Amino acid sequence: MIRYSVILGNLGNTRDRFLSSGYKDQPPKEEMLRQAASIPGVSGVELVGTWDITRQNVDEMGSLLAKNGLACASVLPDHFSQKRWGRGAFTSKDPSVRAQALEETIIAAEIARKLGCKLVNLWPGQDGYDYPLQSDFIKERQWTIDAVAMAAKAFPDLRFSLEYKAKEPRTHSTWARAADTLFVAQATGLPNVGVTIDTGHSFVAGENIAEAAVFLAHFGEKLFHLHFNDNYRSWDDDMIVGSVHFAEYVELMFWLKEIGYEGWFSMDQYPYREDGKGALQGSVEFLQGIDAMLDETARGEIRGIIERGEAVESTAWFRKKLFRK
Amino acid sequence: MIRYSVILGNLGNTRDRFLSSGYKDQPPKEEMLRQAASIPGVSGVELVGTWDITRQNVDEMGSLLAKNGLACASVLPDHFSQKRWGRGAFTSKDPSVRAQALEETIIAAEIARKLGCKLVNLWPGQDGYDYPLQSDFIKERQWTIDAVAMAAKAFPDLRFSLEYKAKEPRTHSTWARAADTLFVAQATGLPNVGVTIDTGHSFVAGENIAEAAVFLAHFGEKLFHLHFNDNYRSWDDDMIVGSVHFAEYVELMFWLKEIGYEGWFSMDQYPYREDGKGALQGSVEFLQGIDAMLDETARGEIRGIIERGEAVESTAWFRKKLFRK
Amino acid sequence: MIRYSVILGNLGNTRDRFLSSGYKDQPPKEEMLRQAASIPGVSGVELVGTWDITRQNVDEMGSLLAKNGLACASVLPDHFSQKRWGRGAFTSKDPSVRAQALEETIIAAEIARKLGCKLVNLWPGQDGYDYPLQSDFIKERQWTIDAVAMAAKAFPDLRFSLEYKAKEPRTHSTWARAADTLFVAQATGLPNVGVTIDTGHSFVAGENIAEAAVFLAHFGEKLFHLHFNDNYRSWDDDMIVGSVHFAEYVELMFWLKEIGYEGWFSMDQYPYREDGKGALQGSVEFLQGIDAMLDETARGEIRGIIERGEAVESTAWFRKKLFRK
Amino acid sequence: MIRYSVILGNLGNTRDRFLSSGYKDQPPKEEMLRQAASIPGVSGVELVGTWDITRQNVDEMGSLLAKNGLACASVLPDHFSQKRWGRGAFTSKDPSVRAQALEETIIAAEIARKLGCKLVNLWPGQDGYDYPLQSDFIKERQWTIDAVAMAAKAFPDLRFSLEYKAKEPRTHSTWARAADTLFVAQATGLPNVGVTIDTGHSFVAGENIAEAAVFLAHFGEKLFHLHFNDNYRSWDDDMIVGSVHFAEYVELMFWLKEIGYEGWFSMDQYPYREDGKGALQGSVEFLQGIDAMLDETARGEIRGIIERGEAVESTAWFRKKLFRK
């Protein structure tokens, strides 16, 4: 039984560098939680530091979650939305900023504990570099390993999941692809550090999302979390799931079943100009549709198709599903 | 009623730079024609100079076509597979090679006439450049305009369709995108010069294939021909149609109906490791499936969806078609 | 003698979707103008509606420009930074928004006239679409042609230059590439409508920037304006010019001399985390360095290199310049 | 002191899928070796199975190498140029093909030993997949680990270096990026298995080449070998080094010195239409130019630049080198 969640902020205002006041209005948190809870199948939300959750509002948020029957799927510390992180959080050249980045992680972990949430999702978006001759690749990667290890050691009851992204807001992120982020997770030597795949980030990294999931799960036991959205492969467009791609989501969902993934299926979009709730609901419905399609019969067919590896056969299978004949 | 065709060579051997002897065996032409004719819905083939058709075998090929009940959808002069074209055909810096490129075009037109074929498809793959400071952009584009104009003027009963491709085998092609190729077509001042969209080339150019088709057809009355294949957007993988993309083919097929496109729907793939006939047939079936999906009701729905422009609604429409609910 | 300018806002605060309050502080306009004027070689600024210039402050801005010895290189109406443009300006499905987009263009033209500025640069960033089945390609392109024609007809003493960009903030822009934007310019039938190349936009569109410039200038007499910045080719990173690429800027500068381009060389960057003035000055210095390199001797050498088209020779020429031997 | 080598076949004929007979003529091996030896700075060659070296000609090739004063920098078993590998070598679904792939590796190792060569470079280009639902990601990656481990265990005196490439000839390669290939190398548990960076492959993978080198060398002690060529980032164009990029090669060469890389600097290009020797020599000269630029003073400057991380300063440093002021 798949557990679906949404990132709460997806229901709020959306901004970009050209329209920094935002494309929409910001609804109150209560309204956003009500909307999340009203999406059929959704039972959890992810909360982002600064934007959604702080030490100050954690009790209030806990009550609101309970009232709406929602679990906290993860807490994401804010390592990206404040001026102090502008030139890096864990990889800032300023040691006091690095200490603050760790502190934010600790705070997020405390919040997660209070909310009965088992996962801290780390997306240190400002960690990386923009220009040639700007990054000390050795020190900076090591700093991320050390900080994650410190936080994860302090909270052995929580899982820390590292979300990679090839670029944006930096032209090059420190955690850029599945395998290099697996390396960071393993370098901590801790069982409670793993990796988050954001399907859109994986597309932009040039990965096949199903292969990335299998790589982390089967070879490293490190697929801790999943963010879903769609794009045109060259940028993190954060669109409704299934709006561009179909076959690759089928392949991903098939393999998630094969490897026994039991984490959340969380929607992470940026519906700049769309109704937030409608966009998230559409994404969940798309995944539910594929989930229903992949019954035991279909999975058996797919296993045979993969074993034979003939594209004429695999594409025929897709057409059968698309056109019902 | 859609007329489907295939490029004959797609049924033959396939090679690349690493495996230049080829992934498969080369069947005899008779066999390839029989296979083409046996694909349900296919009524035409495109013939490539050197590879499929020459002045010498034109009568024989005409008989074989007749015998198999196939029309010649187009003739493609060879401007790419011989050493003499290696540094350009119409844009060669050597005037005698440029003359030969024109001569090949004339020969192809004569062959087309003999076969009762109305279309000469020009894909001068070697025209372009690889390195900075290698191309005289002014002269070279003008040479292509002049050559096309000369051929098209000499054969006013035929249509000459210019096929663009952003790159490969050159890192930059002279006819790279829809709009710049429309410019070349219009610069000839001739009504019988237009443009071919190859869906895979259009993806690689970063175009939306439906928009490119509308651009050429509605704004320039210049959409003369269509080649179908699929890819992962960054390279001309020449895969089975629909193996990667779905929504964008639906959008293309919808608009082809809106603009009243009446040309061929021709399969142009490179089934390196696949059964050629199976790969082509799968592509045709995919397009037939979409064609059937786009009945008058569906087209009416889509017109409304486009008028309102809400992605929540358009993606819901796709899910309805994918999952039948 | 090259005239360099900068977009004034490049000296101000920078924001993105994650850090919407901005990476830096916003200096007062007077300070930004002083900084622009202090960059050696810079004699003009481009002013953006809403951000820099409005009907209300035009006289004040005129005085400040005069005081700082700066010309107004262009006025850019704001078609992107307000909520009302969020779903398109010229291509909004709402006719009253389209009317407002035209009105903003007219206001920008009036402002330009008052400031003695000859160029209105149109970058309607919100014009385009995000999802399949969202755009009426026919109507929307036509709306942009009509609006531009109306404005340009009303101000025959000004030039209107259309700036294309393949994507962002929409996943697909209406004016996406050089040639399709040339088509729009020519469809107005007006001599005072042309095209702006932003070097970064051209890289992202997969164009060779020098070829795009020649295409517009030689074949259409429509290269009206130039914006300079650099990127890694897949996104509009808006970096310091020359930070990633070198050879292609040399090729561009060579051809700009060959075709006799006489417009502004304007810096358009987004120095998110950099000192704005330093970033712009670095870009100007890079172009000045290439300009000095391309003396009559060098240009003669390059003409020969292009005529012969040998990459071994052209790359040797670059090494001679890079390594002085 | 940098040791430069070239892949011998780069001096021979070049083919692609459109011009499978080749753009040039194939010189005799003796001639190619003479040419390699005559490039100033080059002291080694890499030999490719089937194309250059077989069990049959190993003694003859050894004599020719000695005669020309060339070392064998590496042997590359052929896992890509024969029909039997068309659907995979180490990852073929046919166990007998997998056995042959291992056998070819063993043969290459024996040849390397005979030639006094310390490195076997594995580029199993046909390993991967093309379509969704075609690959068993678990089995296939494991097969590559097992085969490499078997060969490397049998030849503990040799180093086996795994060369990754995101795609081509498959749309997805099994060894696609630096970090996932490091994972394979480490999974063998053997000290004599490492990774080859091909700079062009790294560009196409979206990596920063310097960061990839540091990642493998510093974090894994696994940077065994380097192949040099240039491209436009979206495809493996295999161009002359430095023809497109400059800053990133400087960054790479700087870091190779910092991490103490002592392997070969090997040229691996595809000079389709260029004089092979001229193309390779140009690449070596480009790297020699950067090597000379990076004297102790320059490296000290760069260390400070990286420590401060200011792009205004780093780009100024590049301009100083480019324009000598």
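Letters A, B, C and D mark the chains in the order given here, with residues in each chain numbered from 1 onward.
Going forward, contacts are C-beta pairs under 8 Å (C-beta built on N, C-alpha and C of every residue); 3 or more make two chains touch, one makes a residue touch a chain.
Just so it is clear, the model here is predicted, and its values are computed rather than measured.
Of all chains, B has its CA centroid at the greatest distance from the CA centroid of subunit A. Between B-D and B-C, more C-beta contact pairs are found at B-C. Computed from the mean C-alpha positions, the centre of subunit A lies at a distance of 40 Å from the centre of subunit B.
Averaging Cα coordinates per chain places subunit B and subunit C 34 Å apart. Multi-chain contact residues of subunit A, defined as those touching 2 or more other chains: 87, 130-132, 232, 234, 239-240, 243-244, 247-248, 273, 310-311, 314-315, 318.
By the touch criterion stated above, subunit B contacts subunit A in their complex at residues 206, 232-234, 239-240, 242-248, 271, 273-275, 278-279, 282, 285-286, 289, 292-293, 310-312, 314-316, 318-319, 321-324.
Residues 14-24, 80-83, 85-87, 125-126, 130-132, 167-169, 171, 231-232, 234-235, 237, 239-240, 243-244, 270, 272-273 of subunit C touch subunit A in their complex.
Touching subunit D in their complex are the following residues of subunit A: 87, 93, 129-138, 141, 166, 172, 176-180, 182-183, 187, 205-208, 210-211, 214-215, 218-219, 247-248, 250-251, 254-255, 302, 305-311, 314-315, 317-318.
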